Amino acid sequence: MQRREIELTTGDQRITDVTAECATFVAEVGGDGLLHVFLPHATAGLALLETGAGSDTDLADHLDTLLPRDDRWRHRHGSPGHGADHVLPGLISPSLSVPVDDGRMALGTWQSVVVVDTNADNPRRTLRLSFLAG
Amino acid sequence: MQRREIELTTGDQRITDVTAECATFVAEVGGDGLLHVFLPHATAGLALLETGAGSDTDLADHLDTLLPRDDRWRHRHGSPGHGADHVLPGLISPSLSVPVDDGRMALGTWQSVVVVDTNADNPRRTLRLSFLAG
Amino acid sequence: MQRREIELTTGDQRITDVTAECATFVAEVGGDGLLHVFLPHATAGLALLETGAGSDTDLADHLDTLLPRDDRWRHRHGSPGHGADHVLPGLISPSLSVPVDDGRMALGTWQSVVVVDTNADNPRRTLRLSFLAG
């Protein structure tokens, strides 16, 4: 299995587009198969979204409604409301697969691969890419 | 890797059962492995649900509560509330895998593969199936 | 494809940690590849979460806010509010993949594989593990 780990600096950026990193990896590996994208972190997730037209910010903002950053959470380490970050991967999984044809992801025109990370306390992230030839 | 693209007409139907299409594909390919189901679209997702007892409609209706079709969204192209459709794949991923044993999906009795698509502006959808032999 | 089915007794436990079962399976199979975890059930999902610091209970409790156990649901078999259990897999998918390096899951320090199951009416569950060598 071909694999690569990429270090990201997300800082307080809640959505980070990693489509280019994924595309480079599958192009270098080449062939048909499945790209598996994975985050080895407990406070971030992966999504396929349109970026650049506001929907990435819409998702990030709306997470404050779905998972309010208040004192309801048992998990209370870190910044106020940080417990919400630990529930996030239950709704937005850190595991995602994308089909690959001849070294290219079979994404739709408006799809980008993004890291969703509302946890500013952990600004360094590792993106793990794996390719299963098919 | 065996693959197939299937054109769907979802119209204003919010849940479309594609279990039969998936079952036909894996039966024709045969063998053991993993079926990967994928939507190359930025306003739809895939789910494994019981259909026929109201839960499909329950999910579709409840999305109006989780992702209200009001003017909160930055993304404002298309019909009113359409920004919600663009956030949907963040919660309901367009990427899904199902194990296959000897040409049959290992689904539970009550599981169906469904497309969740609240976006009536785009009535034509492509379903991408890939099979990784294992 | 190597596979294993494991019977679980979840009872009224809403979060069940199955990391040890997954780790044992991939260690016995060995090698590099992708572990696919699957629940053949229509009222449960899988997540990668930190356990032991409250976030598992936070997720389970918060599902009562996201998917209220009231009479809004069309699906009305079973206990009151059971319709919510049938919508749950739309938000928390019963299908999950984890990369495996030399017989070990490439999980982050704080990640555990958990079954999320708010349906106390069905205390017996089957966990299906599949390994695709890569």
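Every chain is named by a letter (A, B and C) in the order it is written, and numbering of its residues begins at 1.
Everything below uses one rule, namely that a contact is a pair of C-beta atoms (placed from the backbone, for glycine too) under 8 Å apart; a residue touches a chain by one contact, two chains touch by 3 or more.
Computed from a predicted structure; not experimentally measured.
Engineer: In steps of 5 degrees, what rotation angle do you get fitting chain A onto chain B on the CA atoms?
Structural biologist: To map chain A onto chain B, rotate by about 120 degrees.
Engineer: Suppose you list every residue number at the chain A-chain C interface; are over half of them used by both chains (same) or under half (different)?
Structural biologist: Here the answer is different, because the shared fraction of interface numbers falls below one half.
Engineer: I'd like to verify one number: the distance from the centre of chain A to the centre of chain C, where each centre is the average of its C-alpha atoms, in whole angstrom.
Structural biologist: Comparing mean C-alpha positions, chain C is 20 Å from chain A.
Engineer: By the touch rule stated above, which residues of chain B touch at least two different other chains?
Structural biologist: Those would be 34, 66, 91, 93, 97, 132-133.
Engineer: Give the list of chain B residues in touch with chain A in this complex.
Structural biologist: 1-3, 34, 36, 38-42, 66-67, 72-77, 83, 86-87, 89-91, 93-95, 97, 126, 128, 130-133
Engineer: Of all residues in chain C, which touch chain A in the complex?
Structural biologist: Residues 32-34, 47-50, 53-55, 57-59, 62, 66, 91-93, 96-99, 101, 106-111, 116, 132-134.
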